[in-house]
Structures are given as C-alpha cells and as structure tokens.
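Each of the next two complexes has chain A plus one other chain: chain B in the first, chain C in the second.
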Partner chain A sequence: MQQRVLTWFLRAYIGVIFLFVFTPIAFSVVFSFNSQRFPTIPLGEFSTQWYDTILADHDVWQAALTSIVVAVSASAIATLLGFCTAYSDYRYSFRFKGAYLALILLPPTIPLIIMALAMLAWFSKIGASGQVWSIIIAHSVLTAPFAMAIIRLRLNQMDENLEAAAWNLGASEWSAMRHVVVPFCKPAIVSAACLCAAVSFDEFAIAWFVSGLNKTVPVFILEIVTGNIDPRVNAIGTFVFMTSMALVVAAQIFFSTKQLRKPAGEAG
Partner chain B sequence: MSEPLLVFDKVVKRFGDFTAVKQMDLNIGKGEFVAIMGPSGCGKTTTLRMLAGLEQPTQGEIRLDGRVMNDVKPHERDTPMVWQSLALFPFLSVRENVEFGLKMRGFDAAARRDKALQWLDRLGMSEFVGRDIATLSGGQKQRVALARSLVTEPQILLLDEPLSALDAHLVIRMQSVLTNLQRELGITFVYVTHSQSEAFAMADRVVIMSQGEVAQVGEPKDIYREPANRFVAEFVGRNNIISGKVISVAEGKATIASQSGDFSVTAPAACLPKAGSKATFVISADLVKLSMTRPKTGNMVPVTLISEEFIGSVVTLFLESQDGQEFKVQVQERELSTLDLKSNETLYLSWPASSAHLLTGT
Partner chain C sequence: MTQPARKRFDAYAMTWRLPIIIWQLLFFVGPLLFMVAMSFFVVKNYRMVEAFEFTNWVKMLGRGYFWDSYFLTLWLATLATVCAMVIAFPAAYALAFKVPDSVRRWAIFLLIIPFFTSYLVRIFSWYVILAETGVVNSILSYVGLGPYTMLNTKFGTIIGYLTLTLPLVVILQTFAMANIDTRLVEAAHNLGCKPFATVYRVVIPLAKTGLIIAALFCFILSFGDFVSPYYLGGSKPPTLPILIIDTTKSGQQWPRAAVVAIMMMITLFAVAFAAISAAYAKRGKS
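== the complex of A and B ==
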C-alpha cells in the first residue's frame, strides 16, 4: 500500500516537472498558430501567417544559415577534439593526467556570461571578433567537453585487447584507429556530434557577444523581442525547439541502442 | 645446423622494479604444440605478449625463424593470437572478422572472401558467416577467433588461455578441435594456460613457469611422474612430498630418514645424493597402496584418515601420519568400497622404492 502511494507520488512529481518545463514551450507553439497579434486567451483563429512572415524574411534565413554553419562546424571540431582527448585518456597514462582531464572538462563550469566576455576580449585583442569563425571557435571550446564525455563512456566499454588484436592481425596503429577504434566508437561519435550541434544551435550568450553582424537565430530572436511584442518569435521559437529536440533525440537514439549490446568476448 | 623455429635467448622482461621474466632460455621447434603453464603472475602471459610484440624484452633476444624479433612492431610480424577475451570486433560480421587480417595485408575483396569462407567452413561455422558476433555462443565465438587468427596461414599461433571462459564440456570439445587442427596444419602452437588438464591433454611439451623462471620443460608424463623440483611437484598436484636426511646410499638406492619414518628411493647413479645430505622425494598419490593390515616389508607409514574428496570414479583420501605429515592417496571408488574405513583406525600406506621420485632441484 505504502509502496503504491509512493509510486503514484513519484509519477505525479515527474508529471509536474514535465509540465513546468514544457508549458511555456507549448504556449509558444500554440500562439505561433494564433491569428492575433498579442498572446491572449481566448485564442483567435488558426493561422500560419507568422510562419509565412518569417519564411519570407531574408534576415531570418540569414540567421538560420549562420546558425547552421556554426552548429555544423563547431560540432565537427568539438567532436574531433573530444575524440582525441577521450582516446588520449583511454590509451595513455602520464603525469598530471588528472589536471589534463580537469582542464578539458572546465569550460561548461564557467558561467557563460564570463566565458562570453572573456572570448570577446580575447578575440578583439587578436583582431578576430565579429566573424562567423569566431563563433565557431567559441562554440567548439564550449561543446568539446560534452563530446569527450560521451566518447569516453564508449571507449571505457572497449575490450582492452581489441586494439592490440588489430595490430596482431597486421594493422598499423593508424589502421587500427581507422578500422577498429573509430567504428567501435561510431555510435558515440554520431551522438556527440548531434548533441554538440544542439548546444551550439541554442547557445545565446557567447554568440551574442562574439557574433558581431553575423547573427545566429537566438541572437536574432533577442533583437526582435527587444522593444516590441512580435508573434514571429513564437514561430521562430517553435522552429528552434524542433531542431534542437530532433538533434537531442537523435543523439539519445544513437547512443542508447548501440550501447545495450554487450562488447565482444564475453562468454555467451 | 639450423636453429629451432623459435628461440628465447636469455630473455629478461622488467616492468619498473618488477621482473616478470628472468633469464628465459627456451627453444620451440616447427610444428610443436607447447603449453606454457604456471600460476597467475608467473610470467606466462608476458612471455606470450613478447612473442606477439606487445612487450619488448628488456634484455636478451627472441628469434623467430632466425630473425631477431625484439624491435619488430606487432603489425609487422605474423604471430596471430587467440585472446582470452577473444577480442572479436563486435561491429563486424563473422566473415568480416575473419577477413580482417587479410584486409590489413592488402588482399582484394574476392580473395579475402574466399579464404574467410574456406576457414569458417573448416571450423564448422559456414552457416554463421553473415551473423553478428553478439548473437554467437561462446563455443562459436571461439571458432571465429581461431579462423580469424589462422586465415593468414602463419607459421605459429599464440593462444592465451582461450578456453578459460567455456563450459567444461565445451572445453573438451575445443581441445580436440585444437589438437586436430594443429596436427593437420603442422604449425607451431604456443598455448598459455593455468589449467593442467588442458596443457597435459594437448601439448607435446609443457613449460612450467614460476615467478618469471622456467621451472621445468618436458613431456607431460615426465613432468607428472618426474617433477624436477618442489614447485613443480606441488603445482602438478596430488603428490606426496617427503623431505629428510640421507642415511645410506647403496646399489642405486638411497635411504632417507624423515619424521614419518625411513624410506628407500631408487634413482640413477648420477642423481643419487650423498649420505648425510638433505633430500626430498615425491610419491604420486595414485601409486600409493592403502591397506588395513601392516605390510611386512618396504616403504610403509601408519596413518589415520582425515577426509576424502570424491570426484567421479576416483577418490582422494587425505591421511595423517603420527608426526602430523599429510598424505594423499588416490584410489578407485569401487576399490574403496571393499575396504571398511573408520576415522580413528590405523591404516597403512606402502609403495615400492622404484615408484618414488627423487627431486634433483630444490
């Protein structure tokens, strides 16, 4: 009896959390299809006019393009960096390895605003601020630790003899990397790339500081909402939310389905 | 005068302060099945890893087919290994796993496929060619691992406790698969194990290692009947080891006074110890005779029964002499049922002097 009450309580608790997180987003989605200019209840008619407006808006397309270029490039760089650091941790032991790992995992622990300011200061110092690639660099730094954490989990599941088995069968270290280590980590690599892209796509503070004229979508949204209430925000917001969710869900699917399989070599 | 296929020439391997292999000298011939056996940490796996190039000897030389192998990278040698964990590639199919070695050596796709199928067929795995590794049973994985290692047709195959993860009945099956394969192919197998039954059942020669040193090399029956030293005698098990002082030596026979009594042991003249020196001999548990009445002559010890261990048709009895020395005796179960053993009764152990084996080493 007590057990059942507890179970129901916990379920209700989870329900409330989801409600708390998703209600604002749900409202944003609902109002994006509302014909009225102001978000009020009762709702007006169903309408796709805000979507028509943003699709016709050159600035929106420009911001979306910048965001996509940044997200794709940053996620590629971050995943590569993440893989290299995870592999160096897996394969080698050296002095100050703890410090090395702590340093790599540091960026997400720094408040974004401080990181953004520091990035801006540094980029202006070396004359590299306001470029698309300055956002790419900043986002790579920010997301690489996530990629490293995911790939490291996968590497830890690898039979320690798997790489040696490849050498033993005539693979040089590079071939073994290409034909064994990377394929083994592939689910984690794809998953890490999706997650890094999602983080970069959503990230506002750093992008706002270092983007200059190359606005990403979140920066563009802020510019719309400062000063006036514009229902276009709901339409753009829905689009951003869907993109990020799709990436996160893809990351989850890639990571978990392959993860469930046992590594080879266990007695069956 | 050609050298054996594989030569360990004064090989030493150190890891920091720890010496894993000390001054190893060992020759292994072409087509030989050699088992390296010892307790964990004796250096047997390190020895195998040096052969595969995964470790470099600190001193000395390893020569394979006359070539010094010390600095040859693992991927530049043809010394495939069957791993204890099997280390199959989980993201590749059965066929792709077997093809791996050929792919790395630049064979074209058609040749790889043909060879892989041929080897999988030979190991009775042809119906599993397209399967995922994860869907195979332990015995099937084992066969894939063998096919993967043999597909490049090497001169030598290294096996690192390959059967340790299998069920007992599968172990026996795989043992016959391995011995048949080795005879048919005529290549050298170097087989590392801690299991005496595997080593003795398959190997032409057994190398017993202890704390980084070779304790004895020989045919299984020699190691079993004539252990070179106390370590080997204890390791191969079921031996009664008795130490004492030599009181007389005559006519190929030494008489040794131990706490449990005086015993005579035969030995070749060259091996006989001097009178007055210390000596140790072993008497295998299955060569000891157990009787209820006191034998008239020969080596004899009165004992009492402590416990018994029953494994199938053979029973091992643990007995104790008056001075506290433990003795082991192996008897057939049906033989035992004709004796009426009680725990406090005095029993008699006896054996002919020629059954005992004098240890030459320490």
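== the complex of A and C ==
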C-alpha cells in the first residue's frame, strides 16, 4: 500500500517537472494571441495583432532570411564534417585518436559566451567580422559534434563485412563509399542536418557577437527584449518554436526509420 | 575481411580524417588560442595593439568588482546545480524504475524538446509570468497572498538556470539510473532495506558516475549563461558572462574581456577535472 502511494506520488512529481519545463513555452504561445501589452490573469481578448505587426515588419523578414541562410549552410557544413569524422572513427584506428575525437566533441562544453568572444576576436583579426559567413562558420563548429554523434550511432549498426563485401566484389573504396556507406547512413545524415539546423536557428550568443549588422532571428529577439516588454517577442518566438519543432520531429522520424527496416536489406 | 593494401599515404583515409582537423584548428583551436594571446594585448586610443604586457591581468584581477562577480557566479552556479540535482532526482528515479519503457522513451523525447526551443523566448515568458503584476502574482492575489517580488532576485536567476538545465539533468540522471541492475535494488529491498535507505545506499552509489556527469553539465551551463542573471536576476552585481559582454560591447576592452573568459575556462577545467576524478574514483570502504 505504502509502495503504491509512493509510486503515484512519484508519477505526479514527474507531472510537476513537465509543468515547470513547458509552462514558459505554453505561455509564450498563449501570450502571442493575447491583446494585452502586458499579459496577466485574467487574459485579455484573442487577437492576432502581434502577428500582423511582425509580418508587416521588414526587419523581421530580413532576420528570418539571414537565419535560414545561416542554419542551412551551417548544417550542411556540420553534417559533412560530422560524416567524415564519424566514418574515420568507425573505420580507422590511428595515433592520437583521443585528441582527434576531443577536437570535434569539445566545442559544446565551452560556454557560448567564451566562444563568442574568441570568434569575434579571431574573425576581426583575419578581417572577416560582421559577415554572414562568419556566423555560418561559428555555427558549423558548434553543431558538427551533434552530426558526428548521430551518424556515428548509425554506423554502429552497419555490418563491418558489408563494405568488405563490396571491395571483394571489385568495388573501389570510393565506389563502396558511394553505393554502400552513404546510402546506409542516409537517414542519419538527414536527421543530423535537421538537428544542426535547429541548434543553429536558436543560437544567439555567438551570432550576436559576430553578426555585425546581419541579425539572425534570435539576435533580433535579444535586441527587442533588452528594450522593454514587447509582445512581438511571443509572436516571433511562436514561429521560431514551430520551425524548430518541425526540424526536431523530422529528425526523429528519419532517425527512427532505421528501426523499422533490416539493416542488411537496405544497402543493396 | 580484406582491407585494401595500406599505402604510405592513404588518400582515401585522409579525405575523411583531415577536414575536421583543419576546420577545428582554424575555427576552434585558433580562436581560443588567439583569445589567450589577446589577453596580453593593450588598448590604445580605442584600438587594440598587439603586445605582451600583463596590464589587463593586473587591472582585472586587482579589482574588487571582478572578484565580487567571480564568487557570485560561482555561488549561483553551485546553487543552481544543487537545486537541479535535488529537484530532478525523484522524477529521474520514477522514470528509471517506476514507469514502463514506452513512457520513459516518450518522457525523454519530450524533455529533449526544450533544447530546441528558444531559450530567450522562454526567459522572456518567465519575465512576464514572474513580474510584480504578472501571472503568478495575480493568481496568488485571489487567495490573498502577495504580491511577491521575484524578478531581479537570486530566485529569478535560479528559475532561469533551471529552465536551461533541468530537462538535461533529468535526462542524464534517468540514464544513470536506468542502467542499474534492478535485481540489486530488489535484493536490498528483500533483505529488509527501507526504501529511502535503498536509494541512499544502493541506487546513488551505483549511479554515481552518471549523476556526477549530470551535475557537471548543469554547472557548466549555469556558469556560462548570461540571459537568466541579466533578465531575471537584474545583473547587480553582474555575473562573469555579463561582465564579458559589458567589457566587450562598451569601450572595446576586448583584452580585459579575454582575461575574464580565461578565468572562467580555468575554473571550469578545475571543476570538470575534480568532478571526473570523483566520478571514476573507486568507492572507498563504507
């Protein structure tokens, strides 16, 4: 009996944790449709005025465009680098491999604000500060580890003999890569690209430091928030949330297709 | 298994191995090393001049406000870590032992979602919720309480830190405990160990490594975050990340900001080293 009470208590407790985690997200969406300038309880009337305001704002569109360019390019570079590294790790053992893996895996453990300062200083040293592609490069460094981890997990499921069989049948290493390894990793590659784009789309510290005048959406939000209470943030935030969610769900769908199909049947 | 014959220079292998090395040296190691060098540069007439002087170090470390910020940041990050670890534990325990596998998978998926939602927007949402005339206070006023000041306090900062770290801590703690052999827990139970004693004497020691890693991540994230202490904590005195921003954005004092950043890195390395040593240390006799 005591055991059952405890179990129910713990389940309720999980509910409370979820409540805490999702309260700000839910309220942000609710506030975005609320007419009040400073939202409180009871809520004001339903209104889409904040959406109308942002959709009519040229700066918002400009920021959205920059964000999309950055997210797509950074995720392409990061996924490519992640794939190369995951494959190297999967197939080869070599000296200093620990240092090699640390090189790609460390960036997310360093506080973003420090990366931001270091990137800002470095890019202005090499004469590249304030460019869109400096944000792209910085985000590719930041997100490559995620791509590497996802693709590496997928490679774990590949039968080692699969590649060897291709070589024995006369395929060169390059064509085995093209016809065996890449098709096998495809779901993970798509999934990795989506996740990297989602991370890049939400990153603001580095983007803020190195962007100059090319603001991304999170930097735009940061600058509005610094000013005062402005419900436009909720409307933009809801859009950003939807975009990120779509990317994460897409990543999840692509990544779990692997469990439905037999690995051997896929590579042919 | 037949590997193609090894050549002295294997172009194929290098095609996959080299890109990341070059990229990270140029854009990850390079910037960090340059930042260290920059901390010795001097600023003259608002321009940075390459030099090797200890002026910035002496100026920053010799000032009271730096150390105020330093210990405040250390204290807040520690407090956030303790709160997150304690608050997350019952939830992670329940997810590891008290729910079916499918529920656990869904819970973890849901807890990953916040990572991909804008942290800024979530903090702005808290700002509105916790304000003097905000949602929490208007609900409390119905039962005749409040209003309470929650913004610009340490409480606000900690709420912000928890928003950032709690999902991750729950996930990592759950993984740490889900790997425990449940037969050991049952054995302790059958031998008459009370539930809380079982948690304390069996579950926590077995999950130690994972739990310490969770705490470490929580500490690193809180220590480096500038959004919560700025928007919810009021930034008086500023934490180290805010100090970096202020120093960089106003007055072009990049070298001094670099000093702060390096001090942060040193602290994090020390904490990480201590945590990892503790995580993998052999258990002493108890």
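The rule we apply is simple: the second predicted complex is superposed on the first by the 250 of 268 C-alpha atoms of A that agree within 3 Å, B and C clash if a C-alpha of one lies under 4 Å from a C-alpha of the other, contacts with A are read in each partner's own complex, and residues count from 1 in each chain.
Operating definition for what follows: a contact is a pair of C-beta atoms (placed from the backbone, for glycine too) under 8 Å apart; a residue touches a chain by one contact, two chains touch by 3 or more.
All of these numbers come straight from a predicted model, not from anything done at the bench.
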{"item": "First (chain B), second (chain C), both or neither touched by A:164", "value": "both"}
{"item": "First (chain B), second (chain C), both or neither touched by A:17", "value": "second"}
{"item": "Touching partner for A:31 - first (chain B), second (chain C), both, neither", "value": "second"}
{"item": "Chain B versus chain C as contact partner of A:145, first or second or both or neither", "value": "neither"}
{"item": "Touching partner for A:209 - first (chain B), second (chain C), both, neither", "value": "second"}
{"item": "First, second, both or neither for A:84, with chain B first and chain C second", "value": "second"}
{"item": "Which partner, chain B or chain C, touches more chain A residues", "value": "C"}
{"item": "Doubly contacted chain A residues - partners chain C and chain B", "value": "161, 164, 167-168, 173"}
{"item": "Residues of chain C defined as touching chain A within the complex", "value": "1-4, 12-13, 15-17, 19-21, 23-25, 27-32, 34-35, 38, 87-88, 90-91, 93-95, 98-99, 107, 109-114, 116-129, 131, 133-135, 138-139, 162-163, 166-167, 170, 195, 220, 223-226, 231, 241, 244-245, 248, 254, 257-258, 261, 264-265, 268, 272"}
{"item": "Chain A residues touching chain C - in the complex, by the definition given at the top", "value": "3, 6-7, 10-11, 13-14, 17-18, 20-25, 27-28, 31, 38-42, 80-81, 84-85, 87-88, 91-92, 94, 100, 103-104, 106-107, 109-115, 117-122, 125, 137-138, 140-141, 144, 160-161, 164, 167-168, 173-174, 195, 198-199, 202, 204-205, 209, 218, 221-222, 225, 229, 233-234, 236-237, 240-241, 244-245, 247-248, 252"}
{"item": "Residues of chain B touching chain A in the complex", "value": "52-54, 73-75, 78-81, 83-92, 100-101, 103-105, 133-134, 136-138, 141, 148-149, 152, 165-166"}
{"item": "Chain B-touching residues of chain A, taken from the complex the two chains share", "value": "159, 161-162, 164-173, 175-176, 179-180, 183-184, 186, 261-268"}
